[in-house]
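Please find the structures below.
Both complexes shown next keep subunit A, but they swap its partner, so subunit B is in the first and subunit C is in the second.
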Partner chain A sequence: MRFVAFLLTKLLVYVLIIVIGVTVVFLVPRLLPSGPVEALLARIMAGGGFMEPAQVESMRVSLTQTFGLEGTLWEQYRGFIERVLLAGDFGPSLAMFPTSVNVLIRQALPWTLGLLLTATIIAWILGNVIGVIAGYRKDKAFSKVLELIAVAVYPIPYYILALILIILLAYLWPVFPMSVHVRSAPLSLRFLATVVHNSFLPALSIIIVGVGWWVISMKALSSSVCEEDFVQFARLRRVSDGTIMTRYVARNAILPQITALALMIGGVFNGALITEIIFDYPGLGSLTYMAVMQSDYNLLMGTVTLSIVAVATATLVIDLLYPFFDPRIRYR
Partner chain B sequence: MRGLRLRDAGVELRIGVALLLAIIILGLVVPAFAPEDPRRWNTVPRNLAPGGDYLLGTTSQGQDVFWLLALSVRNSLWVGFTVGVIATLFGAVVGMAAGYVGGLPDRVLTLLTDSFIVIPALPILILFSALLEGRASLLLVGCVLAVFNWPRPARQTRALVLSLREREFMRTAWFAGSNTLQIIRREIAPYLTGWFIANFVYTVLIAIATETGLAVIGLSNLQDTTLGGMIYWALRHQAILAERWYWIGPPTLVIIVLSVALFVVSSGLSKLSARRRGL
Partner chain C sequence: MLRAEDVKAYYETRRGPVRALDGVSIALHENEIVGIAGESGCGKSTLVKVLYDNVASPLRLVSGRAVLTRAADDTSVLAASGSIQDRWWRDISFVPQASMSVLNPVVRIGPHFRDSADAAFRQMGRGAFWARVREVLSGLRLGDDVLSAFPHQLSGGMRQRVVIALATFLDPRFILADEPTTALDVVTQKEILTLLVDVQRRMKNSLVIVSHDMAVHYQVTGRLAIMYAGKLVECGPTSGIFREPRHPYTRLLIGALPRIGQRGKLSGISGVPPSLLSPPAGCRFAGRCPNVMDRCRSEEPAVRSVGNRHVVACHLHEPVAEDDS
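Moving on to the complex of A and B:
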């Protein structure tokens, strides 16, 4: 009974968060002075096309209709919610008319997921292993050096690191390509190898920054677990160092890291967006960038809504699963 | 043992503060001595390597890299400062109100905070800048960044206030007849000052990093140069292919040093204030 009440509250909050988030995203572009219609008109005129004022006006009306921007804000909003949140249909892309937004997203999603999930999970495992070792032996010189490196690397923005990697590994010592040049092809071992080769630099920039953060947080967590009585007791019982480190310290310190991993996976889209743009990586980030540059509202709403749902879902799943990982926490 | 660790933390914090001060001086004091507006083209010979009359060389547009760098640092710091002030203050007010008042207002505010946290800020910012076509003033860019950066301080303030609320002295203040506003102002706020500053510094870091990101892809204010904008123009004019490291190198280096310094100062301060709170 208690669990049902807990579940219902969480679900209600989940739905509300998504609705509020999507509403904000819906409102922001519409509050701006210039919209996609004016942007497109300006682009057409800048292209050299001469039009009579009357033609411009009729063009404006037809564009407004095509973009679904006619009617009051409220009418637009109601139509939007009905179409998007209830039917999951984002409509046609305005920039690549008449391809539907759903199709574009379906093409880009595997790229982004492949890159970000792989990079984030590698960084998580690597960072936590290093973090536990550094936290367990926190007075040793090497763990201080490790933390120092982590502190010096983690705050660097992704794209600055990406830029440095491009200069070092694609220009000065050209091992990897400057930008990603694979588009979809039949699945084969060779194709996969090209994908890995092409995605290496963007992945590396995400991994380096990620590892920095996991080392810093895991070191703090595990060194505080080390102070606890049960670890002291295990030491007195002469349990081996390796066992203490893995079974006693890592196991207890890893819990908050699992939460953080889920949130990171939900939110990594945000941070990696510019990385994708810099490397011209054919994922959701570049798609979003294209949507923005072409004032493609539908496409933009599609990618952003997807990202909001991803973050909200990650939070919900963590809230629901946490008691399974940590028996000390009860549903309430 | 314990004293040693305290001193270690102190060294880190001191190095961070020193680096930060150096960059602040570069940004706030140095630009005042610029011989002319560093943004103007063809004020100096083009493509000169560092050394000689021009400390860090000159760009392919005929700008002096050193003065341009100083001006960029000033603008980046200015954006960071604006966002830091607005977001931290607003977040703190929301967090304190939610945590201290509790009940329905808390639920509503927490829901709002959580909703803003899941909104991916970058696409919205990119859209914003694209629609304004690089003409948004730095102040406007700062304000928009602030809209997406208040939830984190709000959430943390709320958590801190919730833990403070249960302490003995809060009840004492309540029984002594202080009202809600007085308690927030006199009992809670002073307790959090050190932590506020840490949070402020961290928000400045995020703001500068985000603005740099926007600028690197050419979507921040392109007239008033910032560190990211400088990198953008260097890339646009093929500084990498032409191997003009003295053009693209300095802003990249300053961004890295600035980020690391801000991070070290922020985490050092929050450790310090946690210790003072007896945690």
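Moving on to the complex of A and C:
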């Protein structure tokens, strides 16, 4: 019963966050001085085509209708909420008219998820394992070496690291392609292998930077857990080293890292702009970038709404799952 | 038998070594309850660390040693070689000061027993092992259900009883309890003390209770060691010490206890203990002693027997024969 009440409150908050987020997404572009209709008309005119003022006017009206920009702000808002939240339809892309925003997102999403989810999770596991070992055995030489590497790698600006990887593994020793050359094809083992081969460098670059951060944070967390009374007492009652490291230190130090991972997975839906530009990778980051550069409000709303929903969902999921990781936390 | 032989153990600090233990010897026999008393910073906990062979930086064993001998085969196990650590939890166990935080918060109580007894678990087998754990728990008036509870679901007293069960379920010969009741309220204190004594009576092992509370020592210990500023000042049967304390410090400690029907203000001991960074020559209590003599400030008193297994380190109790010269 208490769980049902807890779940309902959390769900209510979840819906509220999304509605507020989407409302902001709706309002901000409408506060800008230039509208999408004028932007598109200007682009058509600049293309050199000649139109009568009456034609321009009728085009303006029809574009306003198509883009859902007619009526008062309230009417627009109601239409927007109905379309976006209830039907999940973001309308046509303004820059790539008449392709719909949904189709564009659907094309980019698997690429982004495949790359970022895999890389994020690998980096999280690797970084936390190394971090625990380095934190638990902080007097050992290899711990110091591991930490030194992490501390040295972590501050390297991401694009420099990515360029170094390209120079090393795509130019000097060309085992991986310099940029991603696969585009959609029917799903097959061969296709998957090509995708993995093509995505290897971008994934590696994300993992290296990610691991550095997880190692540093996990090492700090576990060395402070090591000082806790229950770890000291475990040593005094001859609990084996391996058990102390896993069940006593790692199990307690991992709790904040789980929250961080969940939020990071929510953030995956933003795409990774720099990675996508450097490696010419077809993901959500470049899509959002294009939307901004071409004042494609529908597309921008689509990608931003997706990321709002993703972060809110990740938070909800972690709220619901947390009691399984930390028994001291209860549903309430 | 567990004994410390002329132990000097110093904490290394930037200002120099803090002489927490400066030549302390004490022997603990089978089947007895020994109390270690003294004010904060007198070296009680350090002595327990040395006896338990838990000496780690910044604490350093400068000289002396701790020796654990088993009555059965009389093989000496020396602390210096690190092998009292090999006997941890089987022959010697430890009840820590802060039992509120010594259990792993994200693991149920059951696995705590399993974790510290890999060898015993293999030897006894699953059934016998858990039967033993249940038996010990019920001896401490805890039900089986605590095994599936998380530490935060237990009260302070229950947690301390779980810790005692952990420390006793492998039937060790020595149990060192460092301030086992200090964090508890007086009612629970009494209960825990009674249970500890019950366990000791049943197992006939030996129990060391470190406490600054003289009332605790009066209630449960059979023998009492009083420490002051890194030195053992008096040691003997508890009843003898309370009836006739020999060292002026012991006398003042006992005099500071409230008595039923007593009127007027209780007397404390004026002054503070000397710095252990640069302890004074002679007797370390000289600065606060009401019976101080000239030689106390220059000559360190040796530990001497005053009969009936009772020893004291004080110039007041030198044999008369030596004073003739």
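Structural remarks
Following the convention adopted for this analysis, the second predicted complex is superposed on the first by the 271 of 332 C-alpha atoms of A that agree within 3 Å, B and C clash if a C-alpha of one lies under 4 Å from a C-alpha of the other, contacts with A are read in each partner's own complex, and residues count from 1 in each chain.
Everything below uses one rule, namely that a contact is a pair of C-beta atoms (placed from the backbone, for glycine too) under 8 Å apart; a residue touches a chain by one contact, two chains touch by 3 or more.
Worth saying up front: this structure is predicted, and the values here are computed from it rather than measured.
Legend: residue contacts after superposition of the two complexes on their common chain; A:103 is shown touching neither subunit B nor subunit C.
Of the two partner chains, subunit C is the only one that A:248 touches; subunit B does not reach it. Of the two partner chains placed by the overlay, only subunit C lies in contact with A:238; subunit B stays clear of it. Once chain A of one complex is fitted onto chain A of the other, the partner contacts of A:192 are absent, as it touches neither subunit B nor subunit C. Contacts of A:228 after superposition: subunit C is touched, whereas subunit B is not reached.
Subunit A is touched at more residues by one of its partners, and among subunit B and subunit C that partner is B. In the superposed model, A:315 makes contact with subunit B only, not with subunit C. Of all residues in subunit A, those touching subunit C in their complex are 228-230, 232-234, 236-240, 243, 247-248, 251-252, 255, 325-328.
Those residues of subunit A whose C-beta lies close enough to touch subunit B in the complex are 13, 16-18, 20-21, 24-25, 28-29, 32-35, 39, 151-152, 154-160, 163-164, 166-167, 171, 266-267, 269-271, 273-274, 277-278, 288-289, 292-293, 295, 300, 303-304, 307-308, 311-312, 315. Here subunit B touches subunit A in the complex through residues 12, 111-112, 114-124, 126-128, 130-132, 205, 209, 212-213, 216-217, 231, 240-241, 252, 255-256, 259-260, 262-264, 267, going by the rule given at the top. Within the complex, the subunit C residues that touch subunit A are 52, 54, 85, 88-89, 93-94, 96, 98, 101-107, 111, 115-116, 118, 150, 152, 166-167.
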